[in-house]
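Each of the next two complexes has subunit A plus one more chain, namely subunit B in the first and subunit C in the second.
Presenting the complex of A and B:
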């Protein structure tokens, strides 16, 4: 088999695997409707009284009159055409409900991701290069951060920086760029703390491992400057573990919005999921769950495909 | 060849001692090591693993272990390395001295291309990007890499060990150093490629008139390649002699033991004899002569003090009773 054919097969294999995962997850999400005790139709309506014609639409969309397999195919057909159904609470299309909440969540996730990556890798580099005492201090700090769940971070940050010092607002997402950054700072930090800890630990270990390698000593022996050695030999060669972890953390940030948005009164996807669960707005819960799966799968597939491009040593055997 | 003037050495190591901090005080690794390399000369540094060969030549580039304490003098092309600042060391590494490491697989960054490896050294030496690329291709051609322009874009994983060591040599020679430090450059290679790499190194060295230190644990190879051979044991120099002299009549029992442990191709087939005992680190050595516990000739006098290097025939040996004729 030629290298090119091997590479093509490998890429197609990854994509097929990713699609398969999404399909399986969608079956689970659809089946959840049937698993809820009682009549699925009652679950969908959330106990509200609807006209017979409205109920018919629901029955059709969810294929409730057709049995599980045909029903799933019907529903999946709608989803595949990006028709996520109608919220039983808002009587509005789930699409537009999500679309109006997505931007603030994406801004929050993006902000948290930047904080995670910049601080995480920064602390990792410093502690890998610095002396033993600084490294120990950094290890204590990052281990503590990695073990801090978002709901604890939320309470502490609110108590100190909003209520105590009054530097940041308690609630809301702000309007306009700077106001939004100001409003989203505490929520982003709350989401980023644990991710920062994990990334810093992984980065520090990866950098320290590379620093011991001979190619680093070779570069030093040739009079290559310190910063260039770090960039081209230490960080460059650690991209495998670092990018993998960043991908996982990014996906987990998406899920993390549920707690943080609720706590800070931000009207995003996460808070929407929480409120929809309590109001039994089943179509919304399904849609957000499915979205979370897709985000996970897309990110991890992207990381898988990206790694061999970043580092030839990470190429799977068939593509070499 | 007539030498009218004794050219200034490119490397001069005098009374070098080195220790690193340990749990119970400093751990000595080198004691009173001396070494002189003149331009155009190849000096072999031979000994078992842990004898301090690599450490000695790394010191010449200022690559001492973290928090190491040093004493003595190491001079490379006029620069006092042990007291040199960071900037001076960087200049030394960029222009004056270069090192070829043991394992080419480990010494070339596997994530980057061959071209990036070569260009990096040249760029550090102040060559601009375009010239560096052109010169890298030229160097690859000179060390015998086929299709050098294409090789620039390849990764180390696509080369054999021998070919990769040629790349490493090209990288080390790219800045026209006055001193080349070769740290067991053939140990990690197949026997067939060893000879090619050695002849490449020696021909390039002769062409450029560099001084070279050739570190190896193979005494026969050292004797064949080097003008002079320095034998180290447990962080000390025990014998210095011309390559052929050393081979013909070793003056130190350790050198003789090393030779007896190596199969010869010529003459009557003698039984191979392993050197008894295991190689020691300087910190574990007994009083007096470091080798005396493993030496078949040692007596009470050997325990009294560390013998100094003394002239014996064509060699300098650190032994109270040098030369085979003195042994039982």
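Presenting the complex of A and C:
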């Protein structure tokens, strides 16, 4: 009874913290518009001539005639009802502009996430099992991968696999499932290289730490098979750091789409953010920024809530 | 206890074997890059902006152009040397600013009143939710392309990383006997913190700063690659790569690969140094304990 009450309070605390973070982030995103030198209304019109009634809608949506707090509350009210305003460049609702670009970005993120997790954990397990020379080689490989910026990965992959060997297309996202997978392979790999390196290094360290522990030695001496030791004792106990890093990497993939989509000419959210930033299309920039923060907060909160379920040692201390 | 001792020793030996060669190599490479940046006007064979359309896209090793030329015939080596200046100075500025801010935040949180700790720690948690590159892009949206606004944004974005490390180290360090004895002798908390506690955090801060430098270099080069960073006529390694992209599609990727590999090697070298500094911090801590 008391235990459950403590757990509930802990979960509610995490959720309150997450909502608080989103609220503060939304204040920053709203304040950004006010920080632009000059009249916010001029920024929102993007130099276009609008009718007086259109201008009124803008003033009302962004609460421009009121003070900062009242203005923010007006804007936040619209955002909370998923009304993200109208792009000042396209004169179309931000919602529909984002909706048409979201699927390809999600496919890209999902593809990159699968590549990251499979390769990262694969290399970590191999270097935990293999001899010292293989493990050293793996460490050099993953250190290099972790330090590779996406834009460097992009140019090397383009030069070698698209132009040099002609195996993959240079640009576009393809249509139909197989064509899309083919088009998104190099972009997904480019996004996954650094993330794979980081995950593999964390996995290597966590596995190595467990392998040194006494419980592993005891299991081995009891005659438990190698695969079972690895699965039940090493990987199981390393889930904490591994899941945490996977969460952080997934969250970072969202912003990572900016570079890769721009370089490969994919019309997704990331490329849209970059072009909107350079054109000062504020409603779009605000919407994508908020979306990125929400994605980050949702993933990190989910990881926080998931960890105690996976590993009883990580359960929060409950007051009796 | 007896079980952990041999394990520790084994780890230390292995680290030392891998350490020196790679770390010395990294230090030498970084020294070369810094000298190249400082002495660019003396070393560069050409002006970085001198175009020569007849000599465009020469491969590396061409007579007179050691690293070849780009699509407008500019000498890649000269551009690499001059580009090193902004590519290194801008992240250095970010690291200095975020270290100063982070130390201030971390020390106040660790050694100041309880409410300040709560406030600062919660603020840092919230700041983590803004990916650094996103904050930098938001700054560009507000103030326009250029390096100044992203540098300020990244300094703010990196502050919580430094602040969190400083806070936890300062809390640890603050419980040591020497800090207490100074307090008993009647020295003020501020004086003890700045005069005695802060110097003991220096090695950990140096390690953190090296890693942050690598991240800042990548973030700023990424912005330039996206056309949101340096504006022409200025250039850095990121903008060199962006301008060389069309040449890749013509099958002549050298003028993109050269700055790309330079970025990669610089980041790896900085990371190696940072990890080396970090591991020696851990070592002295263990010996002290």
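Methods note: the second predicted complex is superposed on the first by the 317 of 320 C-alpha atoms of A that agree within 3 Å, B and C clash if a C-alpha of one lies under 4 Å from a C-alpha of the other, contacts with A are read in each partner's own complex, and residues count from 1 in each chain.
Operating definition for what follows: contacts are C-beta pairs under 8 Å (C-beta built on N, C-alpha and C of every residue); 3 or more make two chains touch, one makes a residue touch a chain.
These figures come from a predicted structure and were not determined experimentally.
Subunit B and subunit C, once both complexes are superposed via subunit A, fit side by side. Once the two complexes are overlaid on the shared chain, A:236 sits against subunit B while remaining clear of subunit C. Angle at subunit A between subunit B and subunit C, computed from CA centres in the superposed arrangement: 80 degrees, to the nearest 10. With both structures placed on the common chain, the touch criterion links A:215 to subunit B but leaves subunit C unconnected.
Of the two partner chains, subunit B is the only one that A:312 touches; subunit C does not reach it.
With both structures placed on the common chain, the touch criterion links A:224 to subunit B but leaves subunit C unconnected. Once the two complexes are overlaid on the shared chain, A:282 sits against subunit C while remaining clear of subunit B.
With both structures placed on the common chain, the touch criterion links A:150 to subunit C but leaves subunit B unconnected.
In the superposition on chain A, contact of A:142 is made with neither subunit B nor subunit C.
By the touch criterion defined above, A:185 lies against neither subunit B nor subunit C after alignment on the C-alpha atoms of chain A. When the shared chain is aligned, subunit C comes close enough to touch A:24, but subunit B does not. Once the two structures are superposed, subunit B and subunit C can be ranked by residues of subunit A touched, with C on top. Between subunit B and subunit C in the chain A overlay, the least Cα distance found is 8 Å.
Overlap of the subunit B and subunit C contact sets on subunit A: residues 214. Across the complex, subunit A is touched by residues 61, 63, 89-95, 98-99, 101, 103, 106-112, 116, 120-121, 124-125, 155, 157, 171, 175 of subunit B.
The touching residues of subunit A, when paired with subunit C in their complex, are 17, 20-22, 24-25, 28-29, 32, 35-37, 136, 143-144, 146-152, 155-156, 158-159, 163-164, 170, 212, 214, 251-252, 254-255, 258-259, 262-263, 273-274, 276-278, 280, 282, 285, 289, 292-293, 296-297, 300.
Here subunit C touches subunit A in the complex through residues 3, 7, 18, 122, 125-126, 129-131, 133-134, 137-138, 140-145, 214, 218, 221-222, 225-228, 238, 241, 244-245, 248-249, 251, 253, 256-257, 260-261, 263-264, 267-268, 271-272, going by the rule given at the top. Residues 213-215, 217-225, 228, 232-233, 236-237, 239, 311-313, 320 of subunit A are the ones that touch subunit B when the two sit in their complex.
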